[in-house]
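Below are two complexes that have subunit A in common, paired first with subunit B and then with subunit C.
So, the complex of A and B:
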């Protein structure tokens, strides 16, 4: 075998080792969720179940408020994503295309807010939510997640807007488009990979976030999946492993589906913006 | 009438005046090039014509209608950009049809017009491709197609050939000339390439520092440059410019440059603003420098063969003069020669003002006049 061939085989082995190590917890989670209760703690542990059961899923959907929390998370993540994408697209366009005093400084301040640890913001945000009367609601989480997703979105989309040649917009204007028409017809398609990357990033934040949800919401009427699942399945005396694994699988599904469908856009988006996913 | 009238047009970017007091009349169907070096204001002028920049003052009229406050889409113009500005998310057909779509032309009619234009520009086979799958020349034709499809009154072209290689550029230049002849619409063409301007234009507007330096036919600007800038800018190789003083001797004007005395034409020329001992700049085109048996002694400094001719740098009384000689004239650096100028074709400029002094054109057939040394 040539030196190049040996290197290639070595690289493949390393890559597969990394992939398997990364994917193992996910596989273990999925397999555990379909094992009967008596097989969960068998020693030595078995990787594949002897019997397969969907009992935990049925139990989760029928006997717990899982679907309610799922709905809350869906509303929070979707609303945050829409809000961040709309504000981010127009904000980034303004930062790139219009000239006004302090434009560059605004961009820098926006980035610096992204660098702040989120724990610094949680108390002021909580006090503000209480003051305006939205504490303990889905809206409070949408606002909170928007505050730390928007700077990232602005930064990412700004790079995309800047890379769309201005000539394209001028050409559209000469061809009879309005400013908004040129934006929709020409700029948005150029920024699509960035918009998709931003949307996915924001959705993941809204879907997975735990800390703010724990502080800002303490009632079942607005509790998302992350804190809801913890609240109902993990107590000081017991952890419902089988239900927890089934819940985790169902929580991961939307994100996996999104990744599968938008993978190429995401890769392009993050590569073009120089941002690591 | 779909001509263009520009009156006292100014454009300031903060303290910088990009265009100053520009007056320009372009007749219907005329092909006018705005020519000048980078930063001369030609593209700013074109953008103001297109409505992409607003004038600081002055008026722009297209087809007799003042368009200063009209948005680009309402000016009945089309523009071809240097970068072609093809919409990368649209196919060739969608790109060409975009101006029609924005004007609400029904789909069937739109498709028919797009195919007509595609046929005209030999793009029929490419209508379903995206711009990234086209060559530079094809992209250029699509950009032209997008401009042609809605039959505007005026075409604005912003250095549309500058991204093409030399061979394709020459080909597209010929296609553009043919296209203009066929459709007969008013075209304003911005370029920094004098060859493009000279070969394609009915008239050329030469700009520098935001100001119009000269407006004239290609022959005008070459044979009768209005000032030193135009004289220096137009022509390859550049005109040789020599600084001297003007003198009158027995009714005959002459220019003295150091130890060299150059008699100026007596016939056909009116000397506006000439006075004795006036500091002047003398301009000599390379083809008006003759190397032969007569004239002043000079030495060959450098020979640049181009295949069909030789560009020769000569040292004459300590001055460097450029000559254009036939490919068959074999000279070597250091060789001693004799040099004469075609006197009727000399250009004389007031050195302080930079403006041309000989206001009439030289005769087409110029006689050779020898140079003389001042004893």
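So, the complex of A and C:
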């Protein structure tokens, strides 16, 4: 279908029109966030700002609890990622390279919990958090996020580890390495790209999560960015769109960093996530 | 071959080594299973248990009502109308996701300028937080200053600013469209990965047989994509069906209840009407509906693994 070597001008124009239309809302968000207030409400609206201003960002950082929420999100997403990746690496290694009774069944249970809707688990989790006394804490969200990230991470890591060749590990064992020694020296380095992909995915999903945060956390002392920023929208008298667009841009910062530096890991994660045909 | 080397001097040693390995394997998975039981299995059973109670949310006090909640749920019109709304949303947004997704994947599979940049840019809506997506779209939907109304008015498509989210059928159409925008990159990536593995000889053979662009699409591309499309549709059906954030943040289920899906109804029952037991019943009811799709997906993916 593709002519080798020669680029197609027609296809380029159509494809890039589609791509630009797709990301237009996000461009518009960035443009709005650097427009002075009076340009925002000009009729007709200008595409590019006449004057660029960072006042909305300053306002956001100085006069709103944005940074506090940002910190919460960072702590929650990082802790969830660490917990899930450590558990997942050992679990996936066990599922792929060891044989014991019940192994296949565990794998199937993992896959089915990966499809379980949060809305089923959220009410019991809410009651459990209240009972144990961790409601309205960062910990409660780390626990809740484990419910969807752990099955996901296990599934991804299992796919990655299954695709790595076993020979090197056996060779190390023959050379007298212990099973755990071989794990550290051979299996981990082989699985590293997969581990990074899994970590990146887990982090993004934790960073973006809204539903559990809405139900489990009802105080500013533990509120993450998602519910925090929505609260800024709901509680303000008149909606300050430029401020909200600045918040949206800031909220997408980790994502942009990941896209710039770790993009290949994102695509690799996709390939392993159970849709490969 | 390597296993034979490992076979070692005596069978007894190998046997004990195998037992040790099995033990080590179980030890490695044990923490995961423990966490699994604590945060997934136990809450799941608890959810079923809750659905048999009548519980007042603010005090969390309640009493056993048995299957009454289920009888009420299946007997009430609200469950069925909400289910209907849920199906409309899911079918609508999923259809658009697949059509846009396959179309864009075909485009991005062509030999175009800056192809890898285009491929990564198109992923952005999928990875951006739903909160961000909703804020941006609500700003673009703004009736007075929103860019969308402005462009449509300017182009003469409409005479008055459109109320995108406040009336029907606009609200449902908007939610479906934004859902499609947010999730079609998933289809793009999955389809693109599959497209790259279609042998070019198939296209060459079809061309020799006189097939045009259209013919090659129907006779070569589509049959090759069939498997991956089935898996995509199953996965996305489950995920779109249970979507809460996007709809809740865009319309809150409104106007009135026109865009209220089952997850929103569960939330309303639990925290709006303070009926946590009934809410749990609706959640289990929703799970029952999804079970078919989950079983289909599981059998699909399990089946594929046997083949490879």
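What we mean here is this: the second predicted complex is superposed on the first by the 253 of 277 C-alpha atoms of A that agree within 3 Å, B and C clash if a C-alpha of one lies under 4 Å from a C-alpha of the other, contacts with A are read in each partner's own complex, and residues count from 1 in each chain.
The definition used in the following text is that contacts are C-beta pairs under 8 Å (C-beta built on N, C-alpha and C of every residue); 3 or more make two chains touch, one makes a residue touch a chain.
Fair warning: this is a prediction, and the values are worked out from it, not measured in the lab.
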First, second, both or neither for A:185, with subunit B first and subunit C second: first
First (subunit B), second (subunit C), both or neither touched by A:133: neither
Touching partner for A:165 - first (subunit B), second (subunit C), both, neither: first
Greater residue coverage of subunit A in the superposed arrangement, subunit B or subunit C: C
Which superposed partner A:174 touches (first subunit B, second subunit C, both, neither): both
Subunit B and subunit C contact sites that coincide on subunit A, given as residue numbers: 167, 170-171, 173-174
Interfacial residue positions of subunit A with respect to subunit C in the complex: 1-8, 11-12, 14-16, 18-19, 22-23, 25-26, 28-29, 32, 40-41, 43-45, 87-88, 90-91, 93-95, 97-100, 103, 106, 108-113, 115-121, 123-125, 127-128, 130, 143-144, 146-147, 150-151, 154, 166-167, 170-171, 173-174, 179-180, 204, 207-208, 210-211, 215, 225-226, 229-230, 233, 241, 244-245, 247-248, 251-252, 255, 259, 263, 266-267, 270-271, 274-277
Sites on subunit A touched by subunit B in the complex: 165, 167-168, 170-178, 181, 185-186, 189-190
Touching residues on subunit B, where the partner in the complex is subunit A: 47, 50-52, 71-73, 77-79, 81-83, 85, 87-89, 98-99, 102-103, 146
Touch list for subunit C against partner subunit A, complex: 2-3, 5-6, 21-26, 28-29, 31-33, 35-36, 39-40, 42-44, 46-47, 50, 60, 103-104, 107-114, 118, 120-125, 127-133, 135-137, 139-140, 142, 145, 147, 150, 154, 181, 185-186, 189-190, 193-194, 200, 203, 216, 221, 225, 227-228, 231-232, 235, 238, 241-242, 244-245, 249, 262-263, 266-267, 270-271, 276, 279-280, 283-284, 286-287, 290, 294, 297-298, 301-302
